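Shared between the two complexes below is subunit A, which pairs with subunit B and subunit C, respectively.
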Partner chain A sequence: MRKAFPVEDLARDGRFVRVPLAERFDDPRTARVEQGAGKNKRGPGRLTPDRPDAPDAARALMHGIFVGEIQALEGAGRTCWDFEVGSGNGEGIAEVPFELKLDMARQCWDEARHCEISIKLSAHMGTELGEFSENTFLYEAACNPDPVLRLTGVNRALEGLAIDVFNTMREFGDIAGDPVLEFCEDWMLADEVTHVKMGSDWLRKLTANDKPRQERALEFQRVVDKLFSLGGFRGEEEDSPVRLARRFRELAGFEEAEMDTLAEIAKEAREEMEARVEANRAAVAS
Partner chain B sequence: MTGTHTTGGSRLADPKKPRAPFTPWDRREIPGIFTVEESARRVGNYKWIEMRLFEVLGGWVATVPELDVKLRLGTHCYHHAWHSELWHKRLPELREMNPERLTVPPNDELVAFVDAMTEPEGPGLTIEKLAGAYRVLIPAKIAAYTYHLNNTSTITDAPTIRSLKFALADEFDDWRDGEMMLQSLIETEDELQRAIDHQAKLQRLLLAAGGITGPGSIGDSYSTQEESHA
Partner chain C sequence: MPVEVRPDTFSMVFFDAAEVRAIVEKLVAEVGLPADLSVTIEIDETTPMGRARVTSFDPVVIKAESGALEDVKAPRKLSADGTTDVIGKLLLSVRDRRDPNFGDPPAEDDLTLQESVAWEVYCVGRLGRLGHQVQRQRRLYQFRNRHGFTDAADAAFDKLWTADQLTWADISAISQTALAALPV
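Moving on to the complex of A and B:
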């Protein structure tokens, strides 16, 4: 078996349909415009039970969580396989400490459980596997050949997003009066805090004497964070569908300044998305 | 704690009355057939093979299209990682302060076996992947762990015994899971033959290695009673 497994070879059964992220964003049907108080509000809006499309939006989000969990499982599994055991202190050397591999194996088990939970929750919410499309940007972040960048991109950026998403879904379950959803999301949230903390701890340990590598890892995280902000999907605006879960991120090793930067990145991503949506609307109108 | 030994007016047994150091139902004995060095050597081999197994199970997750198999591999990956951690922590307790020194295969033949077992990658090779892990390697681990469990000193090597019991509980569960996944995947004569062929190929390589700790992995059935307990 190869040491690096390309995203296009990810194995799936016939139910799964892949749609590239760019194609999804360029789809004019994503240009949802709401009129409100004399100004245009764009974007999908905060997920609340009183929204007419709340059941479908929640089901779509749950399916997105499910495919994200599969890819997180696959990414952690590949980190167990792709690297040899060593000090992990030399950039470009495909080595990691033994304990890092143990953490990734533990994460495999956690992500496998999250898949199981997501499948049960999807059924609970009336969704079939494969009903919504899959994009593979989560696994792509797990393909970085430098283990430090891989862990920073996946465990801090991706799993950090999972903290935000699970906290949002947990609140949605509470407001919607769905104790099953709230219960499951709360348990998964606990695991995600653990995974993000693993990322924070390994970033600190492996780059303690290599500040340039640490900076490259954090830059990679910023790039992934911007992508994961999904054009305003995650942010601190009142109508952001997924809110930044500052309290849980702090437990996972994020500093206040890092979260402020993340909020800025999310704002930028939202503005760029709004500009793109406006262009798409104009194209549809013409 | 007042030192009162009465309840309801009746006096309890005298706390100073000598008792046997071993309870009547504890029949453990000192003798075992492994020295500290031999136990450490085997534990180092165990750690090496557990690492190879959890690494490949993790790597295979992305390569198998069957969702149920994908999730079980992810779960089992952690079991074997945890076993490798147990053995890693046991080595310094067996006087090996540099655990990496003993984290080795017993011979080159076992390396050849692991190379062949971890070779299948394609999405159509799930049967081969599972046959290697669950019909060849895990049964061999169960055999070697059971031999160690039944032959080491139940008093002096109790910490190894405790870890062996934890590991064996997982091995039996995972073996059953893997065997049932295989049975559910094999639906045609051709698929059955694929499983048989791959198992036979790996079994030959493992035979050449003598088991996961080399020759003597499960003792020597032709030695006399006196020799085997020397």
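Moving on to the complex of A and C:
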């Protein structure tokens, strides 16, 4: 079986349609509309049930979670296979300790269960599988050839995003009085905290004597974090649909300073997205 | 039949005004609105958000953000089914408002989320019976979000979904019945 499986070859049936990130980035439209004399911006707003479009926004987010779970399963599965067993301490970066593979196998089990839960939640919310487009940047982050960077990008950045998203959805279910959504998200959230903690623990263990590698891993995490802030979709601005779940991130091994940095990264991502939209608009107008 | 789509050409999305017009003309006839009724669809292509609402009933003016008519699997492209779903339900609500037997519902901006969703369920149920593709479970989820995840809410939904001749008083009463069953 080949190693480092390319994203183009991931198995999907005809219901699934992929939309590259670049296509989203080329969109000249903006979700934040200037309105009123004070030039306030009306954005999608925090994802709470009082938003008129809340049920449909929750459906779309749930579908994003579902395809994310598939890719997380695929990524953790690849990490079980792609590396030889060894010390993984930097002497040969393609090696990982057997215990790391066990953690990834456990994560595969969790992600497979999350896929099943997500399918049932989608049915509960009236969403067909493949109803929304899929982008594959989660799996792409799971293709890094250095296992430490891979775990940092996937388990700390992406599973960290999952903590924020699941916490938002859990609160959504609670406020909406939807016991099915609240219960499922709470259980998946608990797993995600464990996955992030695995990433935090392995990062520390494998780079304890290799600070440059640790710094490369944290830099990779920052890149993935910015990409996954999705132009301010996740952040601490008043109208960010998904907020940073600081308490759960703390349980997963994040330092307060790291979370402050992440909030800054999310803000930067939002500003860059707004600048990109302006540039796209100017290009359309010219 | 005077159906107008504004703008007539698009620069930010890949919509075809003629395609939108054809969909709306077909719907106007299907839902039973007068053939000479002026209908204007104003599309705001500057935002991907998905709001759509009726801003005037005679002549009919519907303002829609481009996300409301967009294919969720193909950014910036029109979804014929999505357009039918969104415009169809709004045209059915226009027909209700123009029907003297329907009663006197509050103005759009004065409808509560619960009232708005209950009416929408009644409209989409009828749209499905006209032969269009509709998502029953999606509408049930919307209704439950506004009326509670209870057996009473599900029963109220079924009444709205299967009905063809409700008045505003009926819709309002069905909504209230579901809300009254919410646990305190």
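The criterion applied here is as follows: the second predicted complex is superposed on the first by the 263 of 286 C-alpha atoms of A that agree within 3 Å, B and C clash if a C-alpha of one lies under 4 Å from a C-alpha of the other, contacts with A are read in each partner's own complex, and residues count from 1 in each chain.
Rule of thumb we're sticking to: a residue touches a chain if its C-beta (ideal position, glycine included) is under 8 Å from a C-beta of that chain, and two chains touch if they have at least 3 such contacts.
Not measured: the values here are computed from a predicted model.
Asker: Quick one: on subunit A, after the overlay, do subunit B and subunit C clash, or do they fit? Just give me the call.
Answerer: The answer is fit.
Asker: Touch test for A:79: subunit B only (first), subunit C only (second), both, or neither?
Answerer: Once the two structures are laid over each other on A, A:79 reaches subunit B alone.
Asker: Per the contact definition in the header, classify A:284: touching subunit B only (first), subunit C only (second), both, or neither.
Answerer: It touches subunit C, and subunit B stays clear.
Asker: Is A:55 touching anything from subunit B or subunit C once the two structures are fitted on A? First, second, both or neither.
Answerer: The second partner, subunit C, only.
Asker: On the A-aligned overlay, A:127 touches which partner chain: subunit B = first, subunit C = second, or both, or neither?
Answerer: So A:127 only meets subunit C here.
Asker: For A:238, select first, second, both or neither according to whether it touches subunit B, subunit C, the two together, or no partner.
Answerer: After superposition on chain A, A:238 lies in contact with neither partner.
Asker: Tell me which partner A:23 touches in the superposition: subunit B (first), subunit C (second), both or neither.
Answerer: second
Asker: Touch test for A:12: subunit B only (first), subunit C only (second), both, or neither?
Answerer: first
Asker: Quick one: is A:179 in contact with subunit B, with subunit C, with both, or with neither? Answer first, second, both or neither.
Answerer: second
Asker: Working from the superposed arrangement, determine the closest approach of subunit B to subunit C, counting only CA atoms, in whole Å.
Answerer: 19
Asker: Name, in rising order, each residue of subunit A that touches subunit B in their complex.
Answerer: 1-2, 5, 9-13, 70, 73-74, 76-82, 85, 98, 101-102, 104-106, 108-109, 111-113, 115-116, 129, 139
Asker: Could you pull out which subunit B residues touch subunit A in their complex?
Answerer: Touching subunit A from subunit B are residues 51, 54-67, 70-75, 77-78, 80-82, 84-85, 88, 118-121, 123.
Asker: Tell me, which parts of subunit C touch subunit A in their complex?
Answerer: Interface residues on the subunit C side: 11-13, 45-51, 66, 72-76, 113, 116, 135-142, 144-145, 148-149, 182.
Asker: Tell me, which parts of subunit A touch subunit C in their complex?
Answerer: Interface residues on subunit A, with respect to subunit C: 17, 19, 23-24, 27-31, 33, 44, 49-50, 52-56, 59-60, 123-128, 130-133, 176-180, 281, 284-285.
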